[in-house]
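Both of the next two complexes hold chain A, though its partner changes from chain B to chain C.
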Partner chain A sequence: MAEEMASGRRRPTRWLDLRGRHEGAWAYALNRLTGIGLVAYLYVHLGVLSLLAHGPSTWNSFLATSKAPFFTALDALVLLGVLFHSLNGIRLGLTGVGAAVRWHQLLLRSLMALAVVLFLVAGLLWSIRG
Partner chain B sequence: MRAGFGVEKRSTLSWLWQAATGVLLLPLLALHIIANHFVVTGGERNFAEVASYLGNPVIKVLEVLFLVVVTSHAMLGVRSILFDMGVPRRSRPAVSWAVTALGVVTVAYGIWLTITISR
Partner chain C sequence: MTEEAASIDLEVLRYRPGEQARLENFSVVVAAGAKVLDALDTIWATQDHSLMFRRACHHSSCGACAMRINGRERLACITAMADAAQEHHPIRVEPLHNLPVVGDLVVDVAGFFARMTASDLVITRTAEPELPVSVDRLPPPLRLRQVVVAEDLGRFTRFESCIECGICVSVCPSMAADDGFLGPAALAGIHRTREATRDPMESAHLLALADGDGGVWRCHSSFECTASCPQAVDPAGRIMSLRGQIVSRRWGRLWRR
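Here is the complex of A and B:
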């Protein structure tokens, strides 16, 4: 770090180096990683939806494939990423405008607890809906 | 000094736009996920159900708005990460143009797809 400051150059992935950093830095790095993952998912999602342009038989046969456990696991991972990114985003927005800066750690823990609850509720609804 | 202030002002505007699109995304994303995956038997709409859903003009406007907002948020995020990873200051306008162009193409493709499906 000191070497980087002395040379005036910054390592491109320094935000991923979490050695000895506090949990806010972990949340920041995870926010970026989930953001990159969700951007990738946006294009995968658009690619999948493009099957709709090929007509009912293409889309309906894809639906049969999408019931496989691999896709369900992928959906669960995306939902987890969305919940973390959006709830942590609320914290970043609030602290960014100077609100709740003193309670940012409590806010992070509360929002992550809410993310877990929402994920479990979504899983329950998902299984009930069949 | 003036250039420095301009850069700072632009980055504040980017942050505000990122935050504003983030706030808008909360209800739009919730609607998109719940309507397309949680209130549908089996978790996915079949072709006829998708066409009927997008045939509703209010839903069509909301889904296109969702696409515009999520793409703006995503492109601003990508740009911010690239800048933070050390893109040289002189290359930043080109990066901004590239992510803007990618965003415009993404939204245009999404709108074309929405219209094609609901026709």
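Here is the complex of A and C:
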């Protein structure tokens, strides 16, 4: 810590220290975390799809396992990550080229409200279809 | 009118190069309306003469006393002890982030000012001679009023409000991860200088600087600089405005081909 203080060199994880920070910094950190999470999910997804190469029995066995509540919770987490990352991406895309900068907070809150609505609709559809 | 004095506890980060940083506790008796800077002054005067901290104007004009109080970047001269004590007990006082610490609460601002002058232009306090009304020529009773109503004054005063306190650098998550980033204050300065200049070459040079390595594209749009700026300079808004101008210029070039 002494070396870090003297040099002003940053800890690589300082962006995760959100104490005393405002909503923009929270959105920034969440965007990074969901981005990392979604890239990790992509590889898991490709790994799961590779089970198809092992024949129908392996695939059917995985499908039966994937209906467990744990996997449903993971699916919900992925959906939340996708919704946050994509909708926040719209805000970043707009403000990043100088558009709607004055309303960036309103934009963030509105898009997050939309994310919650879309998540609830997805949950409703999932429960109806079983 | 006398103000009731109260004893308030603080924990202050103590650090010297080569030593481990530690928090040291102090109790000070201060007046009810005292600011955190008053408490630090009292500690220095009555308890520990080795405490290092910066201060000058005591009224939020110089930016020297910027520090982290209860985890938030603020000016100690305008942060009330009573409010800070309600937030956290004891009040925690630490130096700014993302700048080398010289000792205790003092950070090395050389890198910060080097970035501020990256454009090779003096970007602070240069607008006064260009003001539409020369304040010095006015009779004293009219000075304040004339300055306030002077045409187009807002264009000059927004960045003039920057007191170069370094708070925007401390709160910026991009600065925390990227040494090459010019930072919010310097980019706001480039934007402000570009607004003031009438020279197209200078304007193009400044935009190229903002578009270059270490420029506006390294900002990750957390808007934390704008949210924390004690002078409402809006560095993030200026960075986004520069981006908009760069995109417009590129878009225009694309269609002219």
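One rule holds for everything that comes next: the second predicted complex is superposed on the first by the 123 of 130 C-alpha atoms of A that agree within 3 Å, B and C clash if a C-alpha of one lies under 4 Å from a C-alpha of the other, contacts with A are read in each partner's own complex, and residues count from 1 in each chain.
The working rule: contacts are C-beta pairs under 8 Å (C-beta built on N, C-alpha and C of every residue); 3 or more make two chains touch, one makes a residue touch a chain.
Just so it is clear, the model here is predicted, and its values are computed rather than measured.
Participant: Does chain A have more residues touched by chain B or by chain C?
Facilitator: If we count touched residues of chain A for both partners, the winner is B.
Participant: Please work out whether A:77 is in contact with chain B alone, chain C alone, both, or neither, and reply first, second, both or neither.
Facilitator: Neither chain B nor chain C is touched by A:77.
Participant: Return first, second, both or neither, reflecting whether A:35 touches chain B, chain C, both chains, or no partner chain.
Facilitator: The answer is first: A:35 touches chain B but not chain C.
Participant: In the superposed arrangement, does A:50 touch chain B (first), chain C (second), both or neither?
Facilitator: After superposing on A, A:50 lies in contact with chain B but is clear of chain C.
Participant: Considering only the touch criterion stated at the top, classify A:96 as touching first (chain B), second (chain C), both, or neither.
Facilitator: Touch status of A:96: both partners.
Participant: Examine A:86 and indicate which partner it touches, taking first as chain B and second as chain C; both and neither are also allowed.
Facilitator: A:86 contacts chain B only, not chain C.
Participant: Per the contact definition in the header, classify A:66: touching chain B only (first), chain C only (second), both, or neither.
Facilitator: In the superposition, A:66 contacts chain B only.
Participant: Could you say whether A:124 touches chain B, chain C, both of them, or neither, answering first, second, both or neither?
Facilitator: Neither: A:124 stays clear of chain B and chain C.
Participant: For chain A, give the residues common to its interface with chain B and its interface with chain C.
Facilitator: 9-12, 15, 96-97
Participant: Touching chain A in the complex: which residues of chain C?
Facilitator: Result: residues 15, 17-21, 68, 70-73, 95, 97-101, 107-108, 111, 171, 173, 175-177, 179, 220-224, 227-228, 236-237, 240-245, 247-248 of chain C touch chain A.
Participant: Can you tell me which positions in chain A touch chain B when the two form their complex?
Facilitator: Within the complex, chain A contacts chain B at residues 9-13, 15, 32, 35-36, 38-39, 42-43, 46, 49-50, 52-53, 55-56, 59-60, 63, 66-67, 75, 79, 82, 86, 89-90, 93, 96-97, 122, 125-126, 129-130.
Participant: Which residues of chain B touch chain A in their complex?
Facilitator: 15, 19, 22-23, 25-26, 29, 33, 37-38, 40-44, 46-48, 50, 70-71, 74, 77-78, 81, 84-86, 106, 109-110, 113, 116-117
Participant: Touching chain C in the complex: which residues of chain A?
Facilitator: Residues 1-2, 5-12, 14-15, 19-22, 24-25, 27-29, 92, 95-99, 101-102, 104-105.
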